[in-house]
Each structure stands twice: as C-alpha cells, then as structure tokens.
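Quick heads-up: structures coming right below.
Next come two complexes, and both contain chain A; in the first it sits with chain B, in the second with chain C.
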Partner chain A sequence: MRHARDWVPILFVALFAYPFLPFAESNRGAQFTILFVYAILALALNVVMGYTGLLHLGIAAFFGIGAYTVGILTVPFFPFQQSFLVAAVAAMVISATVGVITTAPILRLRGDYLSLVTLGFGLITLYAIRNLDAITEGTKGLNPIEAGPLPGVSEDADFSAVQVHSNWGTRWYKYPYLYFIILGTLGMVMLFLRNLERSRLGRAWVALREDELAATCMGLNPARLKLAAIALGAGLAGLAGAFYAMALGTTGNPQAYDFTLSMIMVCCVILGGLGNRSGVLLGVFLLMGFDRIATNLLDNYLQEQFDAGARTYYKVSGWKIIIFGSVLILMMRFRPEGLLPETRHQRELHPDAEKKEEPQINAENADQDRKPSLN
Partner chain B sequence: MVELFALSINDVATSSPAAGAGFGQYLLLGLVLGSLYALIALGYTMVYGIIELINFAHGDLFMLGSFLALQLAVWTGVTVAADSGTGSIILTVLLMLVLTPLCCAALNVATDRVIYKPLRNSPKLTVIVSAIGVSFIFMNLGLFWRGATQVKFPDLIPDIDLIGGASLRFTLKDAMVIGVTVPVMLALTVFVKFTSLGKAMRATAQNPTAAQLMGINADRVIAATFAIGGALAGVAAVVYGLYIKSVEYQMGFQNGLYAFTAAVLGGIGNIPGAVLGGLVIGVVGELGKAYVGAMWSEVIIFGILIVILIFRPTGLLGARTREKV
Partner chain C sequence: MSTAPPLLEVRDLEAGYGPINVLHKLSLVVNQGEIVTIIGANGAGKTTLLNAICGVVKARAGEVVFNVSPEVHARYGSTRGLVGSLVGVASNLTRRTAGVPVVGAVTRWATAGFVDGVLSVFADTFRLAASGPTAIHEVAPHNVVKLGLAQSPEGRKIFPRLTVRENLEMGAFTRRDTFQVQADIQKAYQMFPILGKRQTQPGGLLSGGEQQMLAIARALMSRPKLLLLDEPSLGLAPQIVVQIFDVIRELNKQGMSVLLVEQNARMALKVAHRGYVLETGRITFTDKADVLLHDPRIREAYLGE
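Right after this comes the complex of A and B.
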C-alpha cells in the first residue's frame, strides 16, 4: 500500500486516452461515464463519512435533488431552459442548502440516531420525488434532458470533425464529450479534496472524527464543522446527480435515488478505504464496475459458451447480490480498513500491527512510513 | 437505476379495508399491522440493546421465514382452504408457527456465530456493513427460492366477521394476528423480567463489562438474544403471510424498514418502546393512507420519526438508554 496513490494519475491518463483507442466502444464509454458519476457521489459521501465520521445513510437524496434540479431547469416541459453550467451550479447550491437546512436541527442527535434520521430523510425525499407527479413526472422521470451548451460552444456546434470513431455522438453533451467533462470534473474533485484534506478545515474534520470532546476543547465548533461537511458532501452529491441526469438524458425512475444507492455508496466507501480518496475511487470502480459492466459481460459470455437458459441461478446477475454480500462480509472480517486504507484508520483497526512490523521495515522504506499520516 | 437490487417501493402488498370504512376500521387495521411491525421491531431492538448492532439482515430473515412457512404449507399439501378440513388447516398453521420461528432462530444464531462473533471488538461500522452483506445474501437466497415475482401465500384463515357490526369488521384474520402477537409479547416480557437469562440480558444491555465480571456468559446471552429475535421474526413472518396472503423476496426490505423505524421511534434498545413504536407506525401509516393518500403514508411515517427524534432525541421511551462511550 506504500505507493497506493501512484496509480490514480495513471488511471486518469488511461481513462482520458480510452475513447481514442481503436477498440473503444461508445456503449462502454457511456458505462464508464456513469461510473465517474458514482465516483463523484462516493467522494461526496466520503467527505461526510470518511473525514467527519458521520454515518450518513441518505446521500442518494442529494443525488436525486441534483438530478431533478437539472431536469427542472432544462427539460422543455418547464419554461427555464437553462444551460448546463447554470443547472449544475444550481444543483450543487440547492443540494447543499437542503443538506444544511435538514441537518441543522438534528445535529444534537447522537451516533446511530443521526444516521437514522438521515435514512428517514433520504426516504422522504425519494417518496416526495415519486409522488409529486406534477413537477417530477412521477415514475416516468423528467426527460429529455438536453441542456443548453457550455459557454463557448454554440447550440448547434457540430463535433463530427473531431470524431475518431463513427459511432461517437456529434452533439456536445453526447459521448464522448460528456465523458471528458465528467472525467475532468472527477479529477478536479480529487485534487480539490486532496488540498482540502490538508487545509485547516480538513484537519479540523479529522480531529472531530477522532475525538469530538477533545476537538471541542481545542476550540473547534463541532456543529459548524459538521454542517460544513454536510454542505460540501451534499453539494458534491448534487453535482453528481446533475451529471447523472445529463449522462442519461433523463432523471429516470426515482428508484435510482433510493436507499439502496445510499447503502451501496456506503459499501463502496468502506470497501475502498474510509477516508482515503484513492481507496474510495477504487471501491466505486470495483463495486459499480462489477454491478454495471462485469456482470453483463459475464452473463453474455456464459450464455454464448453454455447456452444455459434463462434461470436465475444460471446467470451471474442472479448471483450478483450474493457475491456482493459475501465480499462485504469477507472484507469486514479480514480487511476492515478497506482495500486502500487511510493510515490513521489502519492503525486504529490493527493497534498491534505496527509494533510487529517495525523491525521488518527495511531502511529505504522506513523513511516513507514515518511520514506524517495526513496525506 | 441501481440494477443491483431494483427494489420496488411501490409493490408492497397490504390488505386495505373496503371503501367507505370508518375511522375505527383504519385504526383497527393499523393496530393489527402495528403489532406485526412490533414483533419484527423487537428483534432489532433486542439485538441493538445487547451489542449495539443495527441488524440490517433482520428484515430479510423475516422474508426467509415467510418463504419457509409457505414451503411448509406446500409440503403438507394444505394450500387451498376450501380443499382441506379445518383440522388439517389448524395443524398446518400450528406447524408453521412452531417450525418457522425455530428455523429463523437457528439461522439468526448461526449468522451471529459465523459472521458477527469474530467482529465483537471491531468498530460499529464494520459490523453494520457485515449485516448489510448478510442482508444481501438472504435476499439473493429468497430470489433463488421463489423468484422475483410476488408469490401467493395460502389463504388458510377465512375472512369471517366476528362482530357482525355494520361499521366495523373484525375478522378471524385480525383475531389471529392479535391472538398470536399479544401472547408472544407477553411471554417475552415475562421472560425478560422474571427468568435468570432475561435478567442476564438486561444486565448485559446495561453494562456488558460489569455483567461479565458478575459471571454472566456474554456469548450465551448474545446467542439467546439472536435466537429470540429470530424466533419473533419467524412468528411475524407466518402471521404476515397468513394475513397479507402474498410474499416476495423484497418484502423484508420494506417491512424491516418500518419495524426498524418503530424500534427507533420507541427508543432503540427498549422493549416496550419497540411495541409502542410498532403500534404507532401501524396506526399512523394506515390513517395516513386513509386520510392523506396511500402514497404519502411512508412520508408521514418517516416525517413523524424525524419530528419525534428532534424533540425526543432518544425516542419515545428511550430515556433509559444510556449513551455508551
């Protein structure tokens, strides 16, 4: 795990290069785009859960609020017709505001009760979205979402000149242009969070997570810090939702924003490594990649190889939840700190490991290990 | 569009009274459903009281229980009330009521042994994530067992009106639910209050370390808690199947969520609280359906949860639950 962060820039370069590779498919590109969206969402949850230590079980609500804000601001059904930039910023601001307003009164709740209220809030938001037919079109979802272009791009700009593959879209919001925009945003979010972790605010969050009482005694204001974390987390989740609606061209069925998504995001964050950006990224790519991409590929492969028929248990997708659950259980049993743990969490979970390992560390690595743990 | 589970929140089967039913009817239905939620909520609250685990798998255990009850009916051949004698129906229902709780209890204890026990000293979040994992596995097992669609549960208890009043129908089914749930809850209360194992449970919930120093075997207490919680879920599963007459692999999620909300509403870790919470949720949900609109009942339930927690941060009866540091 020593060079855990080195793979992230390489991954980003590879992903940027992907659409230009000869074997690139637009379907796969669109699937990747959704993965990037979920990565932003998981990083948002990581701000609340990983840095500040609040178990938030309703992050999907902010995702939904973001998606529906974009929907309302752009679909022909409403008179707004804003450009995507305006809609995305509005999505962030509205999500963050809702996050602060709904969290402020419950901050005095302790531990599990706070998680439960976030869960309840997530469900209320979901049901409200589903039920407010007049605004959200109920289960049909708002569509088509074809936001106005980014600044500097004209409405009917034709991108066919820069098409490398014939199956690429030619509108600015089609794959692969949206692919680059979302991947770029994901990269910026990663950089932003890296700097934030080292800032006064980021360090204050970690202090709060480790020991609220001690942090308060040092003069930190826990309520304010928690609200800041919620605001940032909700804002980023709203941004992810905005991209999600853009990438799909519709807000889709409200089910996309349900409790299950919140839980999967919690699992992604924990599986990857609570509090560690690159770990969270890995967690999302593994879990959501397995869910969205690998399962279908394996299904098709098995179907071709064995012609197994349509029974649930002949398909990988039928075993998906069991595999998922077993992975979670095994991880929690044998590697609870996640795949790429944050140094501090790892020490917490293996208090005696450090002493044992100490003599084995060879001279060249010893230096690195003794670096302060705040990356 | 999380395809992983695609839980449908819309298709939860409930039995609704005929149109034009009065307040009393909805109240009754609410109380009946509420006592079911209370049974499930007890499983959540007892486990939480002892090891502070939000057992996300509990709702899915309930689902597996109802599938097992259905399977028992298939094995005994008593699936259509009209084709079977009263005696065989009663026998089948009794068989369900005995075997299902036993199996659920065994499964719950086994899960605890295999999965939660090695994590006893881990941070809370680790155990919660394991519980989510167990929940996924149970859900997938249910999917294999009965497929992804709703399955009809044998309608064994006839809908005979016991009162005969024009304004209020109190059927044999309602009587069955109350006749099963109330004695079970009373028995639980007696068990926890007056037996030595019950006392050990309360002691462990209050202070695990001190309880162990007093010679209480924590592992035994925890196993007993999981067994009782599982058995209650099993009873609830049978009663639910007979009452609602339709089961599916996702029903554990919705009902578990309600029961869990009930446990929190009453003050999680508090046994009378869970019962009160269950009844409140049942009544509020049904009245909400009747007077606000069926689709808003969930919003009302969770809204009430939040409002109550804002004003009573430890739930309705939760004053006695201490913050464990």
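Right after this comes the complex of A and C.
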C-alpha cells in the first residue's frame, strides 16, 4: 500500500500552492474550502466506521451541533461573543460529550440495531435544530457569524498587504486565510489519525473489530473503546461543523445537516476505502467534488455548447443522484473494499488473494514440521 | 498440602444461558503451582466454567475467589485520582519520547503517548480493595485480566488480521511497562521460535498449531498467575498436540499454575497433577491425575477402553 500513501503529501502541497497560481479563482478557493470541511467530517466518520466497525448513520447531527455551537458562541444575537478558537474547541467538546452521552446507553445493541438508533438520533437532532426557534432561529439559521479575532491578533489588523492573489480571501472578514487554516487543520487531522492508528488504541480498535470476546479476554474494555471512538469521531465532526459555519458565515438552513449528508458521508468513506485515511480523502474529493464543483462546471459547459434552456434532463445536476447511485452499485459489485482499501479490510473481502500466498507458506511449514520427526 | 490459601477457589458456582442452568453448584480448587485439568464430554459445561471464572459469563450463584498477589495489588490497589492519572499521562509522554532522536518519530510517539494517556484517565478507574483471596465473580471480565488471570479461549481466537507481534502486544494491553513488554515478547519468541520467524505475518496465515502457540503466548503476555487453557488440542494433529502439552509442562516447571480444560483426557491427565471430571454441570469424580488415569470407570468412559 506504499504507493497509495505517497500521493497525499503531494496533494497537500499542490492545494497549498493553488492560491498562488495565476489561474486561481477565489470563488474556486471557497468551494475547495468547503470540500476540506467535508473531508474532516468524512475522516471523523471513518474513525467510527472504519476503526471500530460501527455503522453510524447520524454523523451529520454532530456536524450540526458543532456548527450551532459556533453560531451560539459568536453571533451578536447571543451575549457570548467568543473568538473562533474558543468556539471551535467548545464545538469539539460539546459534540464529543453529546456523542458519548447518546451512545453509552445503546452500546449493547449490535449491528443493524445500533445503526438504526444512530439514524434516529440524527433525525431528532435535525428536527430539534429546526424547531428550537428561540435558540437556533429555525430555518433561517444563525447569522452573521463573524467570530472575534484570534487571540494575539488585534481587532483591526490589516491583511491587505499580504494578500495572496487578487481578491483572494476577502470573503472572510477577520479570517482572510480561512482556506489555509482549514487546509492546515485537515493536514493535522490526517497526521493525528495516522499516529493514532499506529498507537495502542488503534490496534485495540482493530482487535475489537475482529473478535470482541477474545479482545475482552485480553483485558480490553469494549464499551470504553467504542465510546472512545465515538467521542473522537463526534469531536472531529463537531470541528468540521465549526469550520463549516465559519466558512459560510452562517449556520445556514438546518437542511444542511440532514440524513442525506450522513448518507453521502457513508458513501464517501465506502467509495474511498473503509478505514484508510487517504482513501477517505479521495472519496470525499471525488464525490463531493463532483457534487459541488464538477456538476456546475459541466452544466455551464453544456449550457454554452447547446443552449438547452432550463430543462433539468439536459443538465448534469439533474442526473446527479442517478450517477451517485450507479457509481455506488458498480463499486459494490466490482470493488467492495473501496478505491484505496485498507490492507486489513482487503484481506477480509478478498480471501482468494490470500490463497495465492499460501502454497509458499505451507512449503515453509512443511519444512519446519518435518524437522522434529527426523530427530 | 500446605495451609496457604488456594490460588483459585470456586464455591457452589451456578451459571447458564437464558432459562438453562449449565453449572449446578460446582466447586473446585486450584493450588499455587498446580496443573489442574477438567475433563468431560461435549456439553458438560467445561467452557462455560472457564468463562464464568473469568467473568465473560455471569455467575448466577456461588463464588469465585482468586488469591490476588500483593504485586498485583500494588499496581491496581493504590488510589489513583485524576491528578495521578494526569501524572501518568505526562510520564507516558516522556517514556514514549525518550531516546527517539528524529523529530518525526518524536511527534508520532508523542501523539500516541498522549492519546494512550488521556484514555488511561478514563480507563484506569479500576480499584482493587485488598490483596489476598478476593471474590472476583462480580468483576468485569476485562478487569479480571489485570488481577492475574488470563484465558486462552476455545478455538484459539487469535486476531487474524493483526500480525503475530501485534497479537502479542494486544495480550499485554493491560500493562503500562512498555520496555518490559518488549522484553517479554522476545521471551515469547524464545519459547516459540516459530512465532519469532513469523512476527510480521498476519495471525490468520499461521497453521493451527502455530495459532495455538500464539494464543498461549498471547495469554502469557499479561503475566498471569493462573493460566486458563480451553481445549488447546482442538483440531490439531497428534504430533502438534504433544508439542503443545510439552509447552504446558515447561510453563508449569517455571512456576505457572494452569487450569486446563480438555476433551483429550489421556493427554490432559498425563500432564496434570489433579483432575476433575465434569458431567452435565456437576463434578462427578476428583482425584490425583494418575489415580484418575487408572480408574476403570474413567478408562471406560473417557479413555475408550
């Protein structure tokens, strides 16, 4: 899997360099920024789904909780007026806490039942957000989110002198470099998860996924390990939500945190490769990139070429969901382990590939087995 | 026999699944340094007994009393509050980073150490009231391991997609002494050279006998005082079974107490000091192993003569 990892640093360098290139557009930069946010969200889901094997269908709820925490802590409507840093940390902590509190009672459930409860949790959170008018302003969303300056940066610091490219970054009032901040955060999340996978905790999750009874016999506490994964996943999802609200300048319509988002995130994780960070990144860039960027570009192109008017079936965006569905069906048929599978998952899904290795190992076995009988 | 309290004492234990009781008022004793075997037919309740001892199956009545050594008590008995745990985080960090000069490696180990440490704040809430004989039938199964009881489960149950080395490291999951664990892994490789040769291979690629060796080595990694072995001969070639039993005898010579559950009664009685015969959840015979081996009733029922 060596080669699969190598493209990630290159991608990060390229994305970092993008705003400095002559053909960069700040509009595209804003789209990329949202893409990075979704990448963090998908990595969060990957912690829960990929590492411990719990199918979580309510990750969007934590995304929403993160976004609304930042909203409540920063908008002028409420008396808190915190800086974004404080709000983001609070969003992580609150999401993680809610995750632990809501999951702890249902850990005894297995498989489909647990998924159903998480699905229900996602729906409840969505309706709560939509109907708690007094706190969340219902379908209007909390706005404007103009978080106070970062600690150590003066209120009216002038960033125009260090402007990267034409009007790049003017979109975000006090955080002109949000593109870089979120890209940097995504990079740190990737590094953090990489280290985590190799730690004792990461291995414990794998062991738990493989055999819970044996893991218990080794002294692993399954409930706590699952809760740790949920807490970490929910916390990261909350962080993604915080950045989402920041980048949009509003928490937006609660529809942004509905079941569809949870489902698309599950698709991203599965398409990219369950359990593999770089695969998940690829899955998000392909699916969300197609959804947010490529369809618009193709629509415009078709419009220019054929002048089809407003008819939906002449637009790629009209076929979007069908294309999604077809890609997923084809993936499940021909490559169920995802585009860039994690090695351990691949062994699980393609036992045949292992058999090719076996003769050689058996030959070795036979050698060693023979020795004692000769003595 | 000496007057020292037994290492493990099971008193009037009842356990079962759903409406059915599998074990009926079962009592047995394992003394320090003994190999005790439990033989019985399919469905007699052997595996249930082991699972009830280590807490995976809840006891419905009766007691399981385990003699906790002062050394274990020193590790888990002291009150360690939040401050102590935070000190643990710090020490974990320094231990992880010590002696690794490369910056990348330092950050890597630092994160791992940090996460482990934070987890330990939440995970190490287990307290042990006293050393000496302690009732353990209400202790959660993952905490029973910390007391010095390790099970090698029936059907081996190794982690097939973790490497041999990672399997062994999982066995030492409850331990915090990283360097000692590495030393113990080397010891395991000395005891089972084949595991050393295959340390980077996934456990699932090992042969049945190698998997059984791995399962035993993995159970030993928690440095138990009592090793519970559930049918180590299951599905293995006769010659491999002989090797496995040699290992058990060797472990016992080094001072390990073993509770061995077996269907292969002849082999089990040959290595054991004492034996219990389990029939439909009740102990029907118990005696020294060589007496059982020559008892005509046992010979007829379990040794096929």
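Just so it is clear, the second predicted complex is superposed on the first by the 342 of 375 C-alpha atoms of A that agree within 3 Å, B and C clash if a C-alpha of one lies under 4 Å from a C-alpha of the other, contacts with A are read in each partner's own complex, and residues count from 1 in each chain.
The rule is simple: a contact is a pair of C-beta atoms (placed from the backbone, for glycine too) under 8 Å apart; a residue touches a chain by one contact, two chains touch by 3 or more.
Since this is a predicted model, take the numbers as computed values, not measurements.
Q: For A:Leu45, select first, second, both or neither according to whether it touches chain B, chain C, the two together, or no partner.
A: neither
Q: Once the two complexes are aligned on chain A, which partner has more residues of chain A within touching range, chain B or chain C?
A: Larger number of chain A residues touched: B.
Q: With the two complexes superposed on chain A, say which partner A:Ala256 touches: chain B (first), chain C (second), both, or neither.
A: It touches chain B, and chain C stays clear.
Q: Based on the superposed arrangement, let me know which partner A:Ala228 touches: chain B (first), chain C (second), both, or neither?
A: second
Q: Quick one: is A:Met92 in contact with chain B, with chain C, with both, or with neither? Answer first, second, both or neither.
A: Once the two structures are laid over each other on A, A:Met92 reaches no partner at all.
Q: Classify the contacts of A:Asn195 with the two partner chains as first (chain B alone), second (chain C alone), both, or neither.
A: It touches chain C, and chain B stays clear.
Q: Based on the superposed arrangement, let me know which partner A:Leu239 touches: chain B (first), chain C (second), both, or neither?
A: neither
Q: Does the superposition put A:Gly219 against chain B (first), chain C (second), both, or neither?
A: second
Q: Once the shared chain is lined up, is A:Ile145 touching chain B (first), chain C (second), both, or neither of them?
A: After superposing on A, A:Ile145 lies clear of both chain B and chain C.
Q: Indicate the residue numbers of chain A shared between its chain B interface and its chain C interface, in ascending order.
A: Residues 348 of chain A touch both chain B and chain C.
Q: Quick check on the complex: what are the chain A residues that touch chain B?
A: Of all residues in chain A, those touching chain B are 55, 105-106, 108-113, 115-117, 120-121, 123-124, 126-128, 130-131, 139, 248, 252-253, 255-256, 258-261, 263-264, 266-267, 270, 274, 291-292, 312-313, 318-322, 324-329, 331-333, 336, 348-349.
Q: So in the complex, the part of chain B that touches chain A is made up of which residues?
A: Chain B reaches chain A through residues 1-10, 52, 54, 115, 118-119, 122-130, 132-137, 139-141, 143-144, 147-148, 257, 260-261, 264, 268, 295-296, 298-299, 302-303, 305-306, 309-310, 313-315, 323.
Q: Looking at the complex, which residues from chain C come into contact with chain A?
A: Touching chain A: residues 54, 56, 107-108, 111-112, 115-116, 119, 122-123, 140-143, 145-146, 150-153, 157-162, 166, 169-171, 173-174, 194, 201-202, 204-205, 207, 210, 218-219, 222, 239, 243 of chain C.
Q: Which of the residues in chain A end up touching chain C in this complex?
A: The contact residues of chain A facing chain C are 191-192, 195-196, 198-201, 203-204, 206-207, 210-211, 213-222, 224, 228, 344, 347-348, 354, 357-358, 361, 365, 368-369, 372-373.
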